[in-house]
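As written, the chain order gives the labels A, B, C and D, with residue 1 at the start of each chain.
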Amino acid sequence: MMRVQICCSSEISFLMEAHDGLSAAIAGRAGFKGLWASGLSIASCLGYRDANEASWSQLVGVVERIVDTSQLPVLVDGDGGFGNFNNARMLARKLRQCGAAGVTLEDSCFPKTNSLIGDRHPLADIDEFSGRLRAVKDAVADDLVLVARIESFIAGHAVEEAISRAHAYADAGSDAILIHSRRSAADEILAFTRAWQNKLPVVIVPTKYYRTPVSVYRRAGISTVIWANHSMRAAMAAMRQICNRIVAEENTASIEPNIATLDDVFELLGYDELARAEANYLHPQHHEQ
Amino acid sequence: MMRVQICCSSEISFLMEAHDGLSAAIAGRAGFKGLWASGLSIASCLGYRDANEASWSQLVGVVERIVDTSQLPVLVDGDGGFGNFNNARMLARKLRQCGAAGVTLEDSCFPKTNSLIGDRHPLADIDEFSGRLRAVKDAVADDLVLVARIESFIAGHAVEEAISRAHAYADAGSDAILIHSRRSAADEILAFTRAWQNKLPVVIVPTKYYRTPVSVYRRAGISTVIWANHSMRAAMAAMRQICNRIVAEENTASIEPNIATLDDVFELLGYDELARAEANYLHPQHHEQ
Amino acid sequence: MMRVQICCSSEISFLMEAHDGLSAAIAGRAGFKGLWASGLSIASCLGYRDANEASWSQLVGVVERIVDTSQLPVLVDGDGGFGNFNNARMLARKLRQCGAAGVTLEDSCFPKTNSLIGDRHPLADIDEFSGRLRAVKDAVADDLVLVARIESFIAGHAVEEAISRAHAYADAGSDAILIHSRRSAADEILAFTRAWQNKLPVVIVPTKYYRTPVSVYRRAGISTVIWANHSMRAAMAAMRQICNRIVAEENTASIEPNIATLDDVFELLGYDELARAEANYLHPQHHEQ
Amino acid sequence: MMRVQICCSSEISFLMEAHDGLSAAIAGRAGFKGLWASGLSIASCLGYRDANEASWSQLVGVVERIVDTSQLPVLVDGDGGFGNFNNARMLARKLRQCGAAGVTLEDSCFPKTNSLIGDRHPLADIDEFSGRLRAVKDAVADDLVLVARIESFIAGHAVEEAISRAHAYADAGSDAILIHSRRSAADEILAFTRAWQNKLPVVIVPTKYYRTPVSVYRRAGISTVIWANHSMRAAMAAMRQICNRIVAEENTASIEPNIATLDDVFELLGYDELARAEANYLHPQHHEQ
C-alpha cells in the first residue's frame, strides 16, 4: 500500500484533531485532508488524564478506529514513545500495521505531563531522545512519517536550545519537526522558523496562539498546522449544554433542532452501503423470495 | 460491593446516554444519577454501524471506561446478547466484572439491525429468548439488573404480542421490561403500560416520541426514561459545525467562545487530583528538595 | 507488502498450529513454512470453549501476536465469520490489517460448535454462505487467501453434498477448499478428492485420521495439510505432568532437565537483539561513558 | 465478593505460574491453591520480551483470562507498576476489577529488564518507590494484597540494603515482602529471613536456587514459594519436541500418545457444562421436539 505523505508538502496543510471513529468521519466530511490523533483528546474521551494513563495499546486501538473510519492519512500523537527506544519502535510498528501515516515523538520523559499544564517538564536528554528517533526510523523506514516534537520552549528554554535539538533530531532521521509553544502569541514559533530555515518541514500546534492568522504561517514557510483538540472541546461544550437542558426540562423536544438527526448518523457512517451489501450478499434468501 | 439498583425504583428516574469516559463524566456533572451505555452511540463513536459490527469485548471495553470515569450506575445496551444464551451470559458476567449496574437484552436475532431503520426485524422466538434471559439470571443473579427489551412493536405486532412476551420474560427472571416503540407518539407505550399494570417496572426510550411530556410517563407509572443518544448527537452536530468553520476560516479564533476550554477539560477529569497525588506520592524528591 | 501465498502451491505443504506468540516462534524455529491459527487452540489457551465464546476482536488480537512473533504466513481459522456476511468481511479486513496470509470460513452457523464434538451441526444454507464468501472476496481481494471450509461430512452428508458445496464456494470466489472429516480413516477425504479433481487446491486437517501416511495425500494431489492442535495438546500434557510433579515433590529440581531453560526462552525471543539495540540506541549514555 | 488472602498465611503455601487460561486451569486441576501470573511467562507467550514490551492493559487482559478460567486467587507480577505511582495505582485498580487477589511491585525503573539477565539493574530510589506503594495501598486498600518485591540482591547489594528497603516498604503499606535472588543457592534469601524476622510475610521465587529443599523454607518461616515459570518452560520444551518430530515424520501418529487428547481439553474446559446448559437454556427447541 502506498502511504500518503503528511507533514512534508511545500504547500501548507491542515490536520484536524480526531479522537474516535465518529470525529474522524466528521472531519473527513468537512474536507480535511488529514487527521491528528490527539493524545490529549483521546485520553480525555477515554476518561484518562493526559499523563500516559492510557496504555500504548489502548492508543493503537483508538487510532485503528480513526484510520478505518476515515480512510484519511492520520498523524498520531505518540507522546514520548511510551518508554525508551524499544517501546517507541514497537509503538511505531503497530501504528504502521494499523495504517497510520505518521507519528510524532516528543522529547519528554515517561510518564509525560500535558504540555499546557504545570511547570515542571523535564526534557529528555538529546542523545537519548535521538536514539529513540533512530530506533523508530530503523524500524519503520519510510512507511511511517516520523515527526520529532520539540518541547524546549514549553520547558522554558530559548530558541537556541530548540534549534540545537532540531538539528540533532534531523540527524537522527526525523522527517519533520514539530515545534511546540504555549505562548499566546506565535513569537517563539517564528523565532524558530527564522533560525531553522526549513531544513526540515515545520509542524505547529496553535492551540494557545490561535489569534495568529494563517497568512503568517504561510509566509514563515510552515508545512503543517494542527488544530489539535477542537473537535473534542466542541463536543464537550455541546454535550454539557444538552445534558444541562435535559436535566432542567425533563424532555428532549426543545433540543432536537440543535442536535444531529439519526439520519445524519446513518448517512455519515454508511448505513446505505450496509443495506446495499445486504441486498447483494444475503440475496437471494431475503430479496428474491 | 453493594450495587446501586437501577430501573427498579417507584419514583421515575432518568438515564443519560454515554458513549465514552468524557460523555459519562459530563452527564454525571450535569446531575444525572445513572447512565445508559448506548449500543448505537458506542458503535457510532467507534465508527461502526449498529449492526453488531463492534464485538462484545469491544463493547465491554467502552463500558469499562464509562464506569471507571463516572462512578455512576450504568445500564448497558446489550443488544440481543451477541449470540445465543451462552454468549449472553458471558457478556453479562463481563459487564458485572467491570462494574456495570445492569444490562438490557432485546429479543432480536444476531446480528441485529438498529431498531430505528429498516423494516425487516425478525423477532427471536419467545422460548429461545427466555432461555437467554434465564441463562443470564442464573449467571449473575442479583449482581446485575436484567432488563428484557421487547422489540415487537418495532416488528409491527400489536400490544398483545408485547404483553405476552413481557409475561414470558418476567417468568424467565427479568427485573424490568423495556418496551420499545418508534412511533412519533407514545400511544404504543401507553397501551402497553395500561395492559401491563406494572407487573415489573417499565423502562422506555422516547427517541422518536420525544414530544410527550414526562408527566404522561409519571402518570403511567413508568420507572425509567432513557435519553438514549442525545449526547452523541449533540457532539456530532457541534463537531460538524466546528470542522466546517475551521475549514472555511483557516483559523480557530472565532470558535474559541463556542468550545470548552482546556481548563474545563482538566477540571472535569480531575487533573487537580493528579497534582495533589504527585505532591503526596512523588514526595520528597520533587517537593521537599 | 507482497503476501506469501498459502494453501495454493502444487507441492504439498504443511501448516503447524499456533495459539500464541511463543508457539508460533517455536514452530518457525522447527522449520515450518506456515502456521495455522487454530480456533480451538486459541480458545482453549484463552480458557474459552470452541463455541464462539472468544470474540472476533480477541481472535484478531491473538493472530496479531502470532504474525508479529513468527513473521511466517498465517492461515487463520475464522470459524463461520462470527455472524453474517458483514461480520465475516470485517473479520477478513482486520486479519489483512494485522498481516495474516489467509482465512478459512466454514459453512456453519453462529455460534458454532467444535466439529469434533456433538452431533447436531446445522450447516449454513449454501447460498447464504456463498454470500459470505463473496463479501469477503470483494472486501479483501487477493490480499488474503480465502479458504472455504466444508463441514458437510461432519454433519453426516455424503460426498455429493460436499462436491456441490465446493462448486458453489469456488464460484463465490474461494481460493481453496478445506474439506473436513472426523472419521478415523481418510476415506471421506479421498472420496472428495477423487470427485473434485483439484478444481481448486484442497486443504485437509487430519486430526482424527492421523494414521494415514502423507504419501496418500501426495498421491491425492492435496495441497495443504494442517496439523491443527498438536502444539496446544503437547503443551497441555507437559504442563499437566509438571504441575503434578511439583505438587507431589514440593520442588522443581527433578523437573529441570525436562523443561526449557530460561536461556532457551531468551534465545528464541531475541533478547540478543534487544541487547544489541540497547547498545546502539541508548548509546552513548550507557555505553560510551 | 470476599477475597481469599494470599502470601499472608502462617503455613507455607505455593503459587504455580500461569500465563493464560489453559495453564491456569491445569494448575488448578493439579491441586494448586493459588497462581502466579508471571510477567516473564505472559510476555513470552505473547511473543514479547520481558522488558515492558507488553502494555499494562495487555497484562490485565491476560490476568482476566487466568482469573476467569481458574477461579483461584491470583498474585500478579506487576513489574514496577508500568511507570510512576499513578500508573501503578491504575494498574492495581484494574487488577482488582478483574478479580486478581494481589499484585507484586518491584523496585525497578521503567522499562524494566528481566531480573535473570544482564548486569545493569538500576534500583528505584527508596522514597520514590515507597510512594508507588503508598499510592497503590491508598487506591485499593485491603481489596488487593500488595507485595513489595526487592531487587537489591539482583543489583548486587548486600543484605543490609534489602533489610533497609523492606522496612521502608513495610512502612509504606506492603502486606508482604518478596525477596528476589538469582544465586544458585538460597544463601541471600536465608540471610534476609534471619535479619528480617518475619516482620511481614516473606515470599520467594526459587527459579535459580531450585535445589534447596522446601524444608529449609519452612524452617526459615517463609510464607509463600512461587514456582515462577515452569509451566511455560514445560510447554516450550514439549512444543519444540513435537514440532521437530512432526517436521521429521510428516505425520502425527507417533506423537499421539505423548500429547493430551481432545477429550482431555474438552473435559478440562467444561464442555460438559456447555452441553448441560444447552439442554437447559436452548430447551425446548432443540430438546423436546
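Going forward, contacts are C-beta pairs under 8 Å (C-beta built on N, C-alpha and C of every residue); 3 or more make two chains touch, one makes a residue touch a chain.
None of these values were measured; they are calculated from a predicted model.
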- Query: Which chains make contact with chain B and with chain C at once?
  - Reply: A, D
- Equivalent interface to A-C (more than half of contact pairs same by residue no.) among A-B, B-C or B-D is B-D
- Note on the structure: Between the Cα centroids of chain C and chain D the separation in whole angstrom comes to 29
- Message: Averaging over Cα atoms per chain, report the distance between chain A and chain D in Å.
- Response: 37
- Message: Can you list every residue of chain D that touches 2 or more other chains, as numbers and ranges?
- Response: 51, 68, 84, 86, 274
- Hey, which residues of chain B end up touching chain D in the complex? 1, 64, 68, 84-86, 93, 97-99, 125, 127-128, 131-132, 134-135, 274, 277-278, 280-285
- Task: Could you pull out which chain D residues touch chain A in their complex?
- Result: 51-53, 55-58, 82-84, 86-87, 90, 110-111
- Can you name the residues of chain A that touch chain B in the complex? 14, 16, 20-27, 29-32, 40, 44-49, 51, 61, 65-66, 68-70, 114, 116-118, 120, 206-207, 210-211, 213-214, 227, 229-244, 246-247, 250-253, 255-256, 258-262, 264-266, 268-271, 274-275, 286
